[in-house]
Structure formats: structure tokens, C-alpha cells
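Per-chain numbering from 1; labels A, B and C assigned in written order.
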Amino acid sequence: MTGIVSYGAYVPRYRIKPEEIGRVWGANGAAMGKGLMITQKSVPAPDEDTVTIATTAARDMLDRVPEVNPADIGAVYIGSESHPYAVKPTSSIVAEAIGATPNMTAADLEFACKAGTAGIQAGMGLVASGMVKYAVAIGADTSQGAPGDALEYSASAGGAAYLIGNENCIATINKTLSFTTDTPDFWRREGMMYPVHGGRFSGEPAYFRHVTSAAKMMMEAMGTTPADYNYVVLHQPNGKFPTRAAKMLGFSDEQLAPGLLTPVIGNTYSGAVPLGLAHVLDQAKPGDRILVTSYGSGAGSDAFDITVTDEIARFKRDNAPILDKILADPVYIDYAIYAKFKETIKMPEEE
Amino acid sequence: MAMVSAREWREIPGRYNLIGSKCGCCGKIFFPSRSFCPDCRRAGIGKMEPFKLSRKGEVYSFSINHEYSGFNGRMMPYAVAFIRNDDGVMLAGQLVDVDLDKIEIGMRVKAVMRKLNEDGAAGVIHYGFKFVPDNE
Amino acid sequence: MREVAIIGAGSTKFGELWGQSFRALGLEAGMKAMASADLSGEEIDAVYIGNMSSRFIAQQHIDALVADYTGMAGRHIASTSIEAGGASGGVAFRQGVMAVASGMHDVVIVGGAEKMTDLDDDSVNEVLNGTTDADWEAGMGLSLTSLYAMIARRMIHDGIATREEIAACAYNSHFHGQFNKDAQFRKEIKLDTVLKAGPTAEPLTMFDGAPISDGASAVILCPLEDAKKYTDAYVKVAATAQASDSLALFQRKSITEFEATAVAAQQAYEMAGITAQDIKVAEVHDDYTVGGVMALQDLGLYKKGEAGKAFLDGSTKFDAGKIAINTSGGLKAKGYPIGAAGVSQIVELYAQLTNSANDRQVKDAKYGLAQSVGGTGSAVTVSILEAM
């Protein structure tokens, strides 16, 4: 059955706290952080971008399955809203960097924050149909939030990679489905630096409607209730939204907490659900059942019903660092360093 | 004055994946890749094979660079190092995500992919290996 | 092969010479050398010029420029420019010697010139970094300075020299610089000045590296048997040797020695029929202090681990009665207009061996040695001059 053969995750080492961002803009950062349920967010180094984050995650993913020949990867899909090029794929660079080229297909996906899970769905189709042996789906972002905007307190960087196959799966994907509408709650026009959001409109009719609808549709289709799942992973633009959505759906904090990283790394956009799921898989045991529901503005949710298999006991997870280790030794930066890293300081004109 | 992107493109195997070469004659491993063994010379012609080097190794020597250096302007000061990798081959690169006062000769590191440079804001981005501490 | 003599030598002042163009500098050095040899200019039948980078002045075809502005182009004599990184001047000198030795040319002028201050500092550093492996060192973010810094770090780690001993090379050069009226820096410094200066590439500081300079030097060569026709102040070129090594430092068996220096030195000693013990004065390539320390060891003037101590205890001073090192002020204090460096070393040795080095004259020196280095030891020339 089609499922997850391996996974890898990566979050940059630098962090900034909401208090520090608020200090610069004359806002109450602590209150902002508390409201968003975010204590800090990750910041990419100046030499990091979606390509490097995706590559690191994908290499860790492959290090955990040394028996997999990268040449057997038939597809690489990378979902992001911060592809370094407007035209020229991230996915071909990453495919080259993991040795999957040239007999394969690759494409960059964009669906706001859910392009990573869209990649998993696309990969599942190719694998299940027998068109390819393995597919790689990655969600990664170095997300943008305009200086001074509420988004600046949460927009962060990170990503996770999934190897989808039919054999030796550490977790089977029992079913996936999606809930999609045209809902303009958040967007970025071509050529614009920063996204624009609909403020409170991005809540009820957007995030909550799509996430809860997809999750409910999945439980109906599978004949399950929240009690049947050990873990629930929901899109997490902040800590507050998934906490409230989980409650609306009838999940407990215990089911939600292992898959909720945003409070300590911020909103990694396309990386958010893939990273949350990676953190769950870092500790999952055979038989564990996981409900995953992503969300992408614009808008849509992909839901996945996943069962961890016995294979996870043989899985060489320790061939790459687990997320708790990756997150263990952060470097805190102030807003000046942050502005330098994010290239918001005006530099001398290049000759 | 910009270089055509082909110049960096043809180095991708080495830059991304540490593909060097191994002499089928004397067994010596080279990085960057060479088409011809400088030790065996004519006897080794046609016997060089691609060889994928280990991404792990240890610091042989290092320096903290304080002079402005193009793309790294936002990462000053930054560390550079010679790394003896686990195949015994010496590599040269930057050492990033590291506490500068904790670098020492013998420290374990691994190669990761990072941005090395770019041809201006509108040009091609050049990716390649840099080293980070290997805490495993 | 004919034996070759140096019959004249001259240099411009080295430094930030804002008012002087590359053309003016080259002409001044050439005229000084010709005046010193008492030539009209008509005698010269070939020009060799060491110049590291046309990027400093955005001028290719330096050979034609020099021939033109020194009045040689009117007579259409052969002019050749040579680039070998920091060894450009040293290699140009060797080419000139070979031309006379072979009989192809009789009276040759060898010049070296660089005009670095017309380019901004960042770009100058980029050009200098271009003497490393552009794809696998500079292209990976390693600067020339950081490569020398890694040599220094490893030397300290391996117990070959202490940080203070390495810094003492700069102290020695500045000590001598005060006696050279053409030097860029004419002030003695303290060891602490080197150690406490701003870092360039740790463990090296601003004072471990030679400055950015403008300047030119020139010498006149002719067959030894003809030297007396022109002047009584001439010296013999006892040997000139050149060796190569990998372009990239990281590909060497060892980074704490330059094999090319050792090989060229061995050949030069054999050619001159002498040993390292016969050298009483030497100009070595101290573009970085650690390079100076390595040079003394690789040339066989000191054992490995002893060179730094010699700088520190003052054995290298012109009047210490041992081997006088960098009596000109070295590249560190005299200045480092790159293409001129190797030729300026010959100018200094010519002065020492013709007893015209004034305040810094080394006593009773019969043999002088010059070592010129390109990149991180990828090209090295070693020349030995003999007093007549």
C-alpha cells in the first residue's frame, strides 16, 4: 500500500522573539506573541533559501533509507511560496542535489501553505499507479511577512521531505481527500515582495471552514472519530488557530501537541504541516494513527489518514538528526541582525 | 561583467554532490574531479572514474575572515576551513551555523548545500557545499 | 649558455602614488635603471615586464604600453609581459636572464610594475583572490588572506612557529623599512602592533599582510663578459630557478611548506655551486608574515621551527651578522605593487652586492638570494646574485 517510506526535516538555526520585533515597531510584542501563541520564530541565514532547506531535508530523508537508490526516484515535487526563482524550478536543483536526475519528472507547486501536501498527493498518484517507484514531496519556505505587519511575528523558515513509495512504508496513507474553494484570504501578486492578507477574514470563512470541513470529510469517509487517532496534525499559521480547530473537531491537546511546532519555530508556511508530521513520526510507534489536515489560502485543505507500520521499528531514523535535536541549539538574534539577514537594509548600489 | 551561467553549471556535480574522481591506475581520489591523474599521467589516461566523496570529515585548519567578500557581506565575519573528509581527501569551503569561538582543528563537520553566490539580484544563484558542525 | 650580469637597477618610490599613472611609473623605473647603467637606451634590444593584473588599470597589452612609453616601440624591439601572480616580477627577471644567457638578446631591461590604487579595495581583493583557485578556493568564499591564515593556524598547531614568531616577520620588515627612502612605510613598529591590529583573517591581522601599493622597478641585464663596458658596479646572476605546484593550496601534501620554494632553491644552489650557508642577504616574499617564515625554512636558510625564532630574536636584521632578511623593508614595509615585487628584490640585492645600500648595508655579502611567490606557492622563483 502507498505510504511514507522515509522523511527528513530541517529548520534554520536562528531565532527571533516577538518581544524583539514589537520593540522595534513600538508594539506590544509579548502580547502579540501570546495572542498568536508563538514564543519565537526561525530565521534563515543569508545563504539559506527554499532550495537549501529542501535539499537538507531531502538528504536526511535519503540518509535514513540507504537501501533506496536515488535513481529510482521518478518524481520530485516541491511546494513553496518562496521559490527563489519566479521562473526556473526549485525542484530540478534539489533533484540534482539528491542524485535523482535525469530519468524523472520534477515540478514546483504553489498553493499558499498547502503546496507541500499537494505534492504528497501528486506523488501518491504516480506511485500508486505504478508510473514511478518513488516520489519525493517537499514542503519548504522562507516565508515573507512585511516589516511591521502582523505576519512578521510569525513568518519563518523550514521544511520537510517525504519519500512516497509502495514498499517498506513506515506509515501507510490510508486515504487522502481535499476541500477546495475560491476564497481570497491571503495572496501575493507577481513581482510583489510581501503577501497581503484579509485580516480577520482569513479566520472563520477561510482557515476554519476548510480545515474542519476536510477533517470531518475524512473521518466520515473512514468511519472514524477523533478517539481513533493518536495524533492530529493541523496547519499552523500560529499556535492559536490549530488549537481552536482541534477543539472544534473534538481532539485533545495531547493529540495535537506533538504535531504543533509553530509556537517554537513560527509559521513555516508550506513547511508547517510537513514539519508537524515529521515531529510526530520522530516519536511514533507501530499502529499509531494520525489525522493530518493542511491548509492553503486561496483556499483549500488536504486531509490524510495515516497508520504507522511495524516497519518504523527497523527504520534507520538515527541516520539523520530528529527535529528535537535540530531545534536544540538555536542562536537568538536581534532585529538589526534579522533585518540584515532578510535584506531589508538598503545596501550600496552594485556597480 | 557577468559570467555565462554555463561556467558554474558544468561544476554542479562537484559543487552539489562532491563528485570527484578516482584513478583506476593508482587508486588516488581527487577533488575537484580531474580527467587525468597527475601522478600516473599517460598511464592513467582513460582510467579516471567519478567518485562520490563522503560529506563528513574534520577540520584540518580554519580562519575567520573579516575582509569584505562579496556575497558574504551579510554574514561577516565568516569562517573558512580546510576539511579532511572521511575518504582522506582535503576540501576547502566555508564553515557556517557555527559558534566562531568554538571552532577547533579536529572538529567533526558535514557538508550541506548553501548559496555560494549569485550573479546579482536578477542573475543565476550558485549553490554548493559549505560545512556545518556534525553533532551526531 | 652565457653568464649574465646586472649592470643597473632602479625603482620608483612605492606607495599610494595618486598623481602617477601606470605609464609614468614604468617610465620612471626604467629611466632610473638606465641611468644607473649609464645607457642611452639605444643599447637595449628586449623588454620583459612583470605585471600581475591588467584589471587594476583595465588595460590589456601592457607589453605594448611599456614599449611605447619607454621609447622602445619606436625601434620596434621585442616587448613581453609576464603574469605569474605574485611571482610575476620574479618570472620576468628569469625570462630576461634566459634571453641574454641564450644569446637571443644582448642588453635586456626587465621591469615590474603595478598600479593598484586606481581600483577600489574590494575589487583589488577580488583580483588578489584570483591568484588562488578561482573555482574551488575563491569561488567557495576563501580569500587569499584566509588561505595564508590557515597556513599560520596549522603552523601554530603543529608547533612550527608561535603567533609571536610569525608576527616578528612584520617587525623585521618594518625595522628595515625605516632605512629605505623608497619604502611605503618608514617607521619601526612593535610586535604588539601586529598582534593587536584589526583582524583580516584570523589569526592574521592587518599588519601581517603587505599593503596595496603602486610602484615599479627595473634592472638591466647584459652578458657578464660585456658588463665592464658599461659600468664597474655590476653583479653576476649566479642562478635563477623556477618551480610550480598545484594551483589550489588544499591539494598539497602539506600546507606548512611550499615545495616549489624548496625545489627552486635546490636548483638555484646547484646552479650557483653554493649551499644555503653561503647566503648572507636574502629578499623573501613576505606578502604575508607567515609566508616569510615559511620562506626561510623552505629555502634551507633555517631548519623547520627555527625561522620564526630568528625573526623574533633579531637575527634577521641587516647588522646582526647572520643572514640579513628583507633589508629593503620586504613587501610588508617597502610596499607590494605586485608585478614590481620580484624585480624590486633584485634591485635591493644589486644595491647590497655593489655596496651601495647606505644605512642598511650588509657587510661582506658575496651571495644574495631573492624568492618570489605566486598565489599560495603555486609558482616560485629563486635567484642568486653574486658580488663581483
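Brief remarks on what is shown
Keep in mind that, in the parts below, a contact is a pair of C-beta atoms (placed from the backbone, for glycine too) under 8 Å apart; a residue touches a chain by one contact, two chains touch by 3 or more.
Here the structure is a predicted model, which means the values were calculated and not measured.
With centres computed from CA atoms alone, B is the chain lying nearest the middle of all the protein shown.
Of the two interfaces, B-C and A-B, the higher number of touching C-beta pairs belongs to B-C. Rounded to whole angstrom, the centroid-to-centroid distance between subunit A and subunit C, based on C-alpha atoms, equals 58 Å.
Per-chain Cα centroids separate subunit B from subunit C by 32 Å. For this pair, subunit A with subunit B, the centres built from the Cα atoms lie 30 Å apart.
Within subunit A, contacts with two or more other chains are made by no residue at all.
Each of the following residues of subunit B touches two or more other chains: 71-72, 116, 130.
For subunit A in complex with subunit B, the residues that touch the partner chain are 13, 45-49, 51-52, 55-56, 59, 84-85, 93, 96-97, 99, 321, 325, 329, 331, 340-341, 343, 347, 350. Listing the residues of subunit B that touch subunit C in their complex gives 11, 14, 32, 60-72, 77-78, 80-82, 90-94, 105, 116-117, 128-130.
Across the interface of their complex, subunit A is touched by residues 12, 16-17, 71-75, 96-97, 99, 112-116, 120, 125, 127, 130, 135-136 of subunit B. Only residues 122, 125-126, 135-137, 139-143, 145-146, 149-151, 153-154, 157, 198-204, 248-251, 255 of subunit C touch subunit B when the two sit together in their complex.
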